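See the structures that follow.
In the two complexes that follow, chain A is the common piece, with chain B as its partner first and chain C second.
Our next item is the complex of A and B:
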């Protein structure tokens, strides 16, 4: 039955307005950033003075801003790779190995997800005192891998629960050693989940500020540069960069979701 | 590895966290034989199969394939190949790639793999389907691919875990004939697991009937059907009338005092001393029903509870005064007794046999 028949016209109106409000609430702050990125004035405000794309060019021309973007992308890729690589074996053990205290292990793994980032940052600072050489990029990578690998493992674990054990047994039965089974069967069949987990960890690490701030030393990630610049005047260049990141993130997540759905559909057919 | 022997199980025990899944099984599977492990779910038959293939290790006992112990060897070092109940065809690979998997792992060269795969597709009637994704073929075809993927590596032993369980009745009949043909042509040792007694009787050279982790009887289909050794086998394989009886010096005394001559032999024959309590077993198709007092043979008097006509045969179910249920299954020509009447259920002594009480 259609919604239209369920609700009288006044109700439908209220319903539509409610939905619009929710989306407004979710997307207004983001929309404002995107809007101001195209404002020709250096100090943005409503109404817009004129349309321009110069701030995008200016952002890329700004070595501090462009450099920090590259740094963030590099560190996020490293930490996401590390997190996925750490999460996969853990997920396999959790899903396939009979563990006595499995629910306790799972609960403990959730820790870094629910822990306030401030606490994690503080702890990392204290740890970093023992290894001052780690401050900067290595510490940021490790910190972000810590935060993301826990939910990465849980996501992969839930994917592996639905993995048919008989695929593995069939491969072993036909002569495949453990490593060959992993390469030929487990990896190809879990690739969609691995990609999804990597992308999530990447976007999470790319935009993470609080923990990175604690251990960054002189490393300037994009969030740190944005935060620092906020203490002066919000440059439209920041708006331009943010708009790009928002667009890229939305595109990436939609694309990966579509890809995963297609892969899952294929797997379901069999 | 010598292939002069088949598969030998010696005192195999499997214990799972205090639960005894297999409680001491010894079994000799001759090379080239088709042996079926038959039993209800939970009887330990699948566990036994998994121990032969290497997915589970026995708690104690030995498993030998071709004369050599395989205990402790991983599945990929054992000369067995399994057809899985859910087929376990790799969904990310085509039919051809599934068939080639085991050969590719063995690093056989590509032309040889192509030739073997093509021959296997031909043998299984799958020619032309090699390029299909496994999601694009029917259940019966998937069954054949699973079979072919295991056979193509030419294992010493083919293991089949409820191989036909997922197929509908018509396809199942067809595949039974196919399996039989493949076994005859390839001359490999087949060990199958099933809970379907008809499948076991149709396919096997030998049947091991299992119950509660033990083998109750091991023999040819004819032996197992005609002379079940225990109450369990008599009841699980086909139908049986089980009548409590007492051994006397000159024969048997049934519950109501009827005396019968002692049936001869059979694998389960009890050399029981006089006075021992035993069970007399007889198949429904050997039991005739007559209106009371017209019977020419000694038999048991029972009240007719149900008369079921099914075209080819008529089933008459009765109950004796002592509460023993009796079933007769006879071609439906003769006039049936009336429901509620008293009738005599009788049989030729040679058609009956004695098993432990």
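Our next item is the complex of A and C:
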């Protein structure tokens, strides 16, 4: 084989090797956490001492850890539901109605995405001084709904731009009201997008730390408990919990992203 | 101008009803809190009590404080380094995914890059602590294989570990816009360059790279903005000897209880973020408008 024929494959080989290194970098920390979650040593480190699942049992037997997981799941579900419910009608209006202030509204939606979370957290603490009852669970839900509803609206908006409006027009011509059109046509066709957005918002809210930490009061979410434990030697119980949550996070984000990207690809083809 | 018909009026009412909840929510819980911080930044502290005022003293105090300047410069330098590092690391990966693999594998690889972005930041940092610590996995591995004699202390609680944590956090974020930009480039344009006798490097330099510039800029802007305001990673991996701007702000609020002072620095940070965003948006709009 001549050198010329060999060259492109050498280039491809270099690319593949480089890609392997990057994926190693991205997944090494995750692999390490999972590895030590199943290792019997009480202080994570090499060499491995032996396989065990005791840390998972210990984590669920620890009331502080198990309780914080339940709290995080409950608050994240509430804020993700709220964010999706706020974002969907706004996204429909942005995508389908002629608006004079559209770019201003879109810019406002981008605000919570780019604002340093530290600044938002401090601002909410100041706001809570006017309404001290807010501190704790309500403030955490509010903070996360603020952060996630903005990009939820932007994501749904870009999804709805590709929606076939002829379906809506046909239904309206046949005498359907807006509500019937929404329930019978828009909702079924956009349900997967809504689920994907909900899952991303849930994942984000579940793992968010800073803003929750500022407004939490005595409420302990899982990231707050982990942050507190990071001041000491990391317990393998934390590794066990993290392994479970990371596995769930990867699964959820892969599922929702695969769906979004596949939809985008299909929209481009049609 | 004729009066709007009932249908148009109804559409306008529907539009208002759909937008109102989200807009009100964002006004109340995003604009108002930021506004309160802006107001507090011109108030003063008297006898440890927040007092309404209209003074620029907090700003002049912040900008006259050498520690604030040091942390500001360190934040900018850190964000710049992270942006450049992420860009350099992300480009080949985005190129590889967009140009070198088949359609089905492409989707899987792209999702695999982005997925770690959604893992909770405290868990990611716990993992890096296990990896980078003095008795951490990397040190034990390096000593065990005889590559180094004694564990490296610089790996954890140093600017280096902050950078590693930040690059890890924002690499996925940079790959996405780059991938989108490179994916949009028509193969025929690159082929045309090659037909005109350009080598692969020249074709890349004169066709692929300029056409992927918007993706590079979008990625850089978000990477830089997020890096500038980052708090958790430097707080837990940086060791606390050199404070970043966000840490100074938190310190003013929580330890010193100097809310106006902290609010003023927070406003400076926010002005930098928004200014950068406005400039880059204008650039992007012009860049995309100029394209035929």
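The rule is simple: the second predicted complex is superposed on the first by the 238 of 270 C-alpha atoms of A that agree within 3 Å, B and C clash if a C-alpha of one lies under 4 Å from a C-alpha of the other, contacts with A are read in each partner's own complex, and residues count from 1 in each chain.
By definition in this document, a contact is a pair of C-beta atoms (placed from the backbone, for glycine too) under 8 Å apart; a residue touches a chain by one contact, two chains touch by 3 or more.
In this text, all values refer to a predicted model and were calculated from it rather than measured experimentally.
Clash-free side-by-side placement of chain B and chain C is the outcome of superposition onto chain A. Taking chain B and chain C in turn and counting the residues of chain A each one touches, the greater count comes from C. Of the two partner chains placed by superposition, A:69 touches none, neither chain B nor chain C.
In the superposed model, A:111 makes contact with chain C only, not with chain B. With both structures placed on the common chain, the touch criterion links A:234 to chain C but leaves chain B unconnected. Judged by the touch definition given at the top, the superposed model places A:175 against chain B, while chain C stays out of reach. Legend: residue contacts after superposition of the two complexes on their common chain; A:141 is shown touching neither chain B nor chain C. Our summary of the superposed model lists a minimum C-alpha distance of 5 Å between chain B and chain C.
Across the superposed pair, chain B and chain C touch chain A at no common residue.
Listing the residues of chain B that touch chain A in their complex gives 53-55, 74-76, 80-82, 84-86, 88-92, 101-102, 105-106, 133-136, 149-150, 153. Those residues of chain A that touch chain B in the complex are listed here as 164, 166-167, 169-177, 180, 184-185, 188-189, 266-267, 269-270.
Those residues of chain A that touch chain C in the shared complex are 12, 15-16, 18-19, 22-23, 25-30, 32-33, 36, 44-46, 85-87, 89-90, 92-94, 97, 99, 105, 108-112, 114-120, 122-127, 142-143, 145-146, 149-150, 153, 178, 200, 203-204, 206-210, 222-223, 226-227, 230, 234, 238-239, 242, 245-246, 249-250, 252-254, 257-258, 261-262, 265. Per the touch definition, chain C reaches chain A in the complex via residues 11, 14-15, 17-19, 21-23, 25-26, 29-34, 36-37, 40, 89, 92-93, 95-97, 100, 107, 109-131, 135-137, 140-141, 144, 168, 171-172, 222, 225, 228-232, 236, 246, 249-250, 253, 259, 262-263, 266, 269-270, 273-274, 277.
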